[in-house]
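Below is one structure, written out as structure tokens, with a few remarks after it.
Letters A, B, C and D mark the chains in the order given here, with residues in each chain numbered from 1 onward.
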Amino acid sequence: MFIYVCQIQFVEDKQEFSRFPTKAGRRSLSRSISQSSTDSYSSAASCTDSSDDETSPRDKTQTNSKSSTDFCVKNIKQAEFGRREIEIAQQDMSALISLRKRAQSEKPLAGAKIVGCTHITAQTAVLIETLVALGAQCRWTACNIYSTQNEVAAALSELGVAVFAWKGESEDDFWWCIDRCVNTEGWQPNMVSLPLLFDKIDANVHSLRVLSKAGKLCVPAMNVNDSVTKQKFDNLYCCRESILDGLKRTTDVMFGGKQVVVCGYGEVGKGCSAALKALGAIVYITEIDPICALQACMDGFRVVKLNEVIRLVDVIITCTGNKNVVTRDQLDRMKNGSIVCNMGHSNTEIDVASLRTPELTWERVRSQVDHVIWPDGKRVILLAEGRLLNLSCSTVPTFVLSITATTQALALIELYNAPEGRYKQDVYLLPKKMDEYVASLHLATFDAHLTELSDEQAKYLGLNKNGPFKPNYYRYVCTF
Amino acid sequence: MFIYVCQIQFVEDKQEFSRFPTKAGRRSLSRSISQSSTDSYSSAASCTDSSDDETSPRDKTQTNSKSSTDFCVKNIKQAEFGRREIEIAQQDMSALISLRKRAQSEKPLAGAKIVGCTHITAQTAVLIETLVALGAQCRWTACNIYSTQNEVAAALSELGVAVFAWKGESEDDFWWCIDRCVNTEGWQPNMVSLPLLFDKIDANVHSLRVLSKAGKLCVPAMNVNDSVTKQKFDNLYCCRESILDGLKRTTDVMFGGKQVVVCGYGEVGKGCSAALKALGAIVYITEIDPICALQACMDGFRVVKLNEVIRLVDVIITCTGNKNVVTRDQLDRMKNGSIVCNMGHSNTEIDVASLRTPELTWERVRSQVDHVIWPDGKRVILLAEGRLLNLSCSTVPTFVLSITATTQALALIELYNAPEGRYKQDVYLLPKKMDEYVASLHLATFDAHLTELSDEQAKYLGLNKNGPFKPNYYRYVCTF
Amino acid sequence: MFIYVCQIQFVEDKQEFSRFPTKAGRRSLSRSISQSSTDSYSSAASCTDSSDDETSPRDKTQTNSKSSTDFCVKNIKQAEFGRREIEIAQQDMSALISLRKRAQSEKPLAGAKIVGCTHITAQTAVLIETLVALGAQCRWTACNIYSTQNEVAAALSELGVAVFAWKGESEDDFWWCIDRCVNTEGWQPNMVSLPLLFDKIDANVHSLRVLSKAGKLCVPAMNVNDSVTKQKFDNLYCCRESILDGLKRTTDVMFGGKQVVVCGYGEVGKGCSAALKALGAIVYITEIDPICALQACMDGFRVVKLNEVIRLVDVIITCTGNKNVVTRDQLDRMKNGSIVCNMGHSNTEIDVASLRTPELTWERVRSQVDHVIWPDGKRVILLAEGRLLNLSCSTVPTFVLSITATTQALALIELYNAPEGRYKQDVYLLPKKMDEYVASLHLATFDAHLTELSDEQAKYLGLNKNGPFKPNYYRYVCTF
Amino acid sequence: MFIYVCQIQFVEDKQEFSRFPTKAGRRSLSRSISQSSTDSYSSAASCTDSSDDETSPRDKTQTNSKSSTDFCVKNIKQAEFGRREIEIAQQDMSALISLRKRAQSEKPLAGAKIVGCTHITAQTAVLIETLVALGAQCRWTACNIYSTQNEVAAALSELGVAVFAWKGESEDDFWWCIDRCVNTEGWQPNMVSLPLLFDKIDANVHSLRVLSKAGKLCVPAMNVNDSVTKQKFDNLYCCRESILDGLKRTTDVMFGGKQVVVCGYGEVGKGCSAALKALGAIVYITEIDPICALQACMDGFRVVKLNEVIRLVDVIITCTGNKNVVTRDQLDRMKNGSIVCNMGHSNTEIDVASLRTPELTWERVRSQVDHVIWPDGKRVILLAEGRLLNLSCSTVPTFVLSITATTQALALIELYNAPEGRYKQDVYLLPKKMDEYVASLHLATFDAHLTELSDEQAKYLGLNKNGPFKPNYYRYVCTF
């Protein structure tokens, strides 16, 4: 869930994109690396996967209604269905639509040629179509061989965006798509959108990381991940909802009265704990940091070592970012029927590898749900094989994706329009004021009305009436 | 979700079961009518519906491993898979298992011959196998042509229970199954288990209602629905969880900041409101009863008329048991993208019929999710066509089904073993003490430890040390 | 906190009121017994106790501005200050004022002559003045020698109500006041208002109980205590607020992170637990009733035996109605600095007597706060010597008293105006519809708007459009 | 509530302390400025103010049991009572006691000569006695002419600490006390403890600010105010409790169903809102910062402009740090009986001055409670004349004061023992690791058990096993 939007001075790094042409036009040839927020797949996506047609898209010739053939998707005829998915997504992305409306007469991205490599979902489509509305030309490919919503790819292609992606690409397809996306006659990208850190489930991590690393070294980049807004939403608020959703969809577990241990009391742990407590679970916390531990105490949780409660609890949820937080020895002592899952930032928190031993039987009972069975018949329910539960087993609300997408759009505009010299070869945070702007665009959804400072009050507080209202260092807020 | 367990003096009512023999043996020929609690389908069930074999079960000859052919299911070979589903269900039904273990040496149902007509799910199977363990002979058929888990039916048949049911029966199949279940050579049922009130979605309502009505008139019956334990669980606690689950699975809606109006502040409304508020929604209540309204105020909700907030809210949830609580006129004024659903006791709460007019377009976007589109493009999202959301779009926790099933088992034991004359031709509530016993069996799940009265304290309070701890009229507790 | 309002056939019971004349007029000479709800004293009351004047009121001759001398209070000159206290109370008793306004043209109590014996507080005054506005003549005396607000008594006397009461009466004064109140030339009471059960701290219990017992035997009486509205407010909602207030005012304890055991999970226990959990305490529950215990589990509390947590907890709160719930043996094992208090219905829950032994030192550190010190220096903080915390150490919101007072006023009107024969010599609950009416009068405070049934809906539900909306047995709601 | 602890290179600044000698001994002459956290007065303090003796302490000669006369307090004979207050405070300050025990053999403050000018309360006494136990010599005076607990001052003096303070000093007394405290034969302070920013209610602000400003300019100082631990406790957690306490003690208001607007959604606003919502109030938020506003939305609050709800709400609470947040115009439109109070950082938030006009009547109904009465009889209840509610009308839990005091003690140790050159003439934040240490000392109170990193985990995370666990910039956490 880390995203970079950047504008890169092209530096003849031909390893991956050897046919990239050199700089031309007002701006040097650059790459803007961005990614649609999360690895989740919407429910809709999984419903519509009719694999009736077995022909590879590479072997088909398709033409959209404007007679263009500059795209490669599963089936261009699904465009109408995809359009509906995009329209549904737009309903919860009114901030981005609002930005689109406000800025489309100015065309702040006129001349921008953006290549993107992200998940291709309805929400991404809303972002791409916003970039187009603001003047950009876009070509897009998928960052993951499984995550493309075929209908959405068709709808974008029908609109004229050159998309090269389908669900279920082979690795060879994947590279073929990137090549077709980037290398086209008479078109040179000057911005790129790429994920900085891919989740470990992606097959394509290595190569893209090289690309992103190259980018980091030689151009200004904007870290849209560490904005306050995105952090609070992706972590605290989003996890508060997705922990419940993820557990319910996989196990139908009743929350009331369940004893749960949440390992780690950062933003993710806080969100998970609050939601479960609110639904009647009894939650224990483990922590290494005494400040977080003290907060857990004040919030009404018992702070324990995992070993103290391991025989007692019904559910373990890891939210630490650490490794081997739940060990084989501890899994051995869990109750029959207990559930183990991970909401943290990696797939290392539960020592899943230690469970792949001959004396234990694995039984896949549902998608993403394994029963690990001990010789005495005890079953421990492992979700998503220890990978992130909310990426694998629940959906991310479109509203959260809207915040991410709006932030990305603003970052692209800022980088593209900044005066020469404002940004050097470094990683920047989105300026505080833009962070506030993203937030303000989303208030309409809640019919929330902001109070405005009077001149007298602004003077008293030493603030500009239009913000920023807090200093830049207030963004480091997410961990306590 | 209303269930009756009853023991019926056979009265030559040959309408439905014309070949029922007359009384024989210690007890008169009776029928016990019971039903596994709810209309929900577990997630697992839907995963395993491989309709590869198109032959009707009626046309196949199947034999279980004990060479019996006295059953009719989709595919007896699925028994092993079904056994696993039953084992999983048992993990959350430890109270019933505990009852089974405590009572199986006594065999309190020895001699009982029970025919059941219920949903055939893994949870029902745990009940049936408990009845068998306590000495009963059971024959079972489905109360709904869609709700049978084929693997579970196979597993029961493999064990020797005569099951006649499969998923996707025709109406003719349905009656054929009932006939085969009830009328068999050399076996005369003396107890029956039937639902009293079927949800309106059932095709079979009418006929079974006739049966149940016949039963009501001439024999003692036990209303296991109105026990305190079942009420609190099926309504307050269950709805608290299922409203979140149902909304998430259908719409992926984010709860935080959403404005929601809950119509009705009985137990169901209280459960829905509490859960949504806990997840960050702003909840309004409508009520007709000033006492409930005052409680809503004290619980921190604004009490409004629906018309005051209709243009404002993102979600309407009906929990009234009333009709036309949401009218076409009100639906006309809702916001684009708003959601309407029903958690009450009927499908009449939302005036869905009024939406089936030519100027409105219906678009089915997912299973159970319709977009109703106004001429100006406004979409209102209608869930489950106004039927019960938690039956259609979420699962009921096995633990809740365990409470229902344990209550049913106890009711059957009580009716079967009561001394002549204790129960007359009337409807009885489960005695308070048995209600308490069901609750106490479920405490182990939570590792909860009950305090025992000392002799001195029992005397001071005028109570028996073993309960009942409250008078019988305390069961009428569920509505405020 | 139990209150009776009754109309009593006079039966020559001359023990207490020997000079009562015999029946005369349409109604037989009756006594109406009522009491202002609770034993609490408002903060204001305690502020205004200036004991400058040491002359006994009995020895003073005082005259109000209308030249009446038919009263006996501390100082009639305090009337203006008392009037302000009454005005303040009126602000939170708008329902009673609303009843007063609606009914004062009808004068439904015209001809009623009411003697009352209750706490004389600003809230009581609002009730008395309402009764007067509705046509009654009232004479009033105090039920407790300490609880009179002198200024309020003065304000009532100034208005013409014959009040005989002051703070700090001797027992002899007490009886003198009752005599002067009841026995006056040319005035015969026909209704009486008395508490049924006095709290044990009252010195006057015995005699009044005799009176109330006499009443119960020979006349209809109305139990206003068991109305749903009063129960929920006096128990659940009131305790939710007063447990925090009572603990804070006495000990300044921080709630966050405190480990608390609440003994008993009825309405009082539920209110206390919910409030403490909401403020960040970790709450354990003890219960004898498995149904309540199961609810505690589902509400997210661990259910334990007291001995399991006695060494661990910071606070014990008893809410059982039982005796010796906390024994000396358990007190011996509590932590240094831990707090013990009682919110239940008696002063027997904590075995305080067992602490009055020579090896323990008692140290009174503040009003209502004792440190009990063990030989090793351990201190246990005992509040209100085990009596009800919310009566002794916190205030009861005027709004709650308003509900009680409105219920009392309605009960008096009902009894006084009921057709001959409706009420026999028995104890009646307030009719459900009047309970709903009390609730509806209080909705305006919250700006709550009730929904009205359409004719069609009323017919569908089988209800009268104006209520009652629930059957009478729904009042037994308060215990689960 | 801002506190500075600093060690000051003496720079011949003779304005305030003209008789300060020059540097002598191992360390240069320094001053350590610290203050006991808050302006609150414990309940106990106010109980024990028996002003029987009207002789000024300056005119009395008192001698403690060790024959010392180097102190000036109200009455040395109250020492025993004060000792008990200190003992009670110690029970909730176990972290400081624990620090005292761990470090007293090392005497890390041996040679330190500390003068302090703070509130003199039982909690301060625990700090002072800890400093003494660690080797320091201390002389102390009061920073506020009203805030001294006389008994505590007596107990400290009895122990040998030179205290010059009593409750109700004149301004002349105040300066006399400072002089006597600082200027004594043969004793030169090398550390000083002073508040940086005094609350505006203090009469002595100006002079002390000059002193503190002088200090800031020429020596290293440690800002113990901005530590994460202190911030979260003083703001979020403390306000969560004190808003309820302050409102209850002053107005006995019932929270359930009340409509409240909280102006400002920083930490203080978050704490107030959460507590009130938890107790059943309906809370609205006003905000100027869109990021905070968006958080309020997600937390389930409606974000409004004050004018939208001003006619509706029962309570206004300001938490902004801004001025004139509630104007006369808005006060004119409030409901009869509504309450206005301030929890923010100044007394400017409510425009109280605008209420001091002839057409409005002020009526003091209780301590800290004024009714402001409009010509039409409308009353608005103003608390603490718009000053901080939690300083004036509620207590601060000792536990919170313990965190502040422990932080101060550690800061003094750090400054006193730091190698030459570590701290320059600047303001330092307590090093992150010490912040964590303060937190860890307080975990024992909650019986909380910290998890320790394994070597492998520490390496994986790139952390030292003993912390710090977060970078230094994580302290800027308190405002969102």
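Keep in mind that, in the parts below, contacts are C-beta pairs under 8 Å (C-beta built on N, C-alpha and C of every residue); 3 or more make two chains touch, one makes a residue touch a chain.
Computed from a prediction, not measured in an experiment: that's the story for all the values here.
Interface comparison, A-D versus C-D: the higher count of C-beta contacts falls to A-D.
At the far end from subunit C, in terms of centres built from Cα atoms, lies A.
One inter-chain figure worth recording: subunit C and subunit D are separated by 39 Å, centre to centre, where each centre is the mean of the chain's CA atoms. Mean C-alpha positions place subunit A and subunit C at a centre distance of 58 Å. Subunit A and subunit D have Cα centroids lying 43 Å from one another. In subunit D, the residues that touch at least two other chains are 237, 256-257, 279-280, 297-298, 302, 446-447.
By the touch criterion given at the top, residues 256-257, 277, 279-282, 297-302 of subunit A touch subunit C in their complex.
On subunit C, the positions that touch subunit B within their shared complex are 228-229, 232-233, 237, 286-298, 302-306, 308, 321-324, 348, 435-437, 439-440, 442-443, 446-454, 456-457, 460-461, 467, 469-470, 473-474, 476-477, 479-480.
Residues 42-44, 47, 84, 88, 91-92, 237, 240-241, 244-245, 248-249, 252-257, 259, 275, 278-280, 312, 336-337, 363, 365-367, 371, 379, 394-395, 397-400, 445-447 of subunit B are the ones that touch subunit A when the two sit in their complex.
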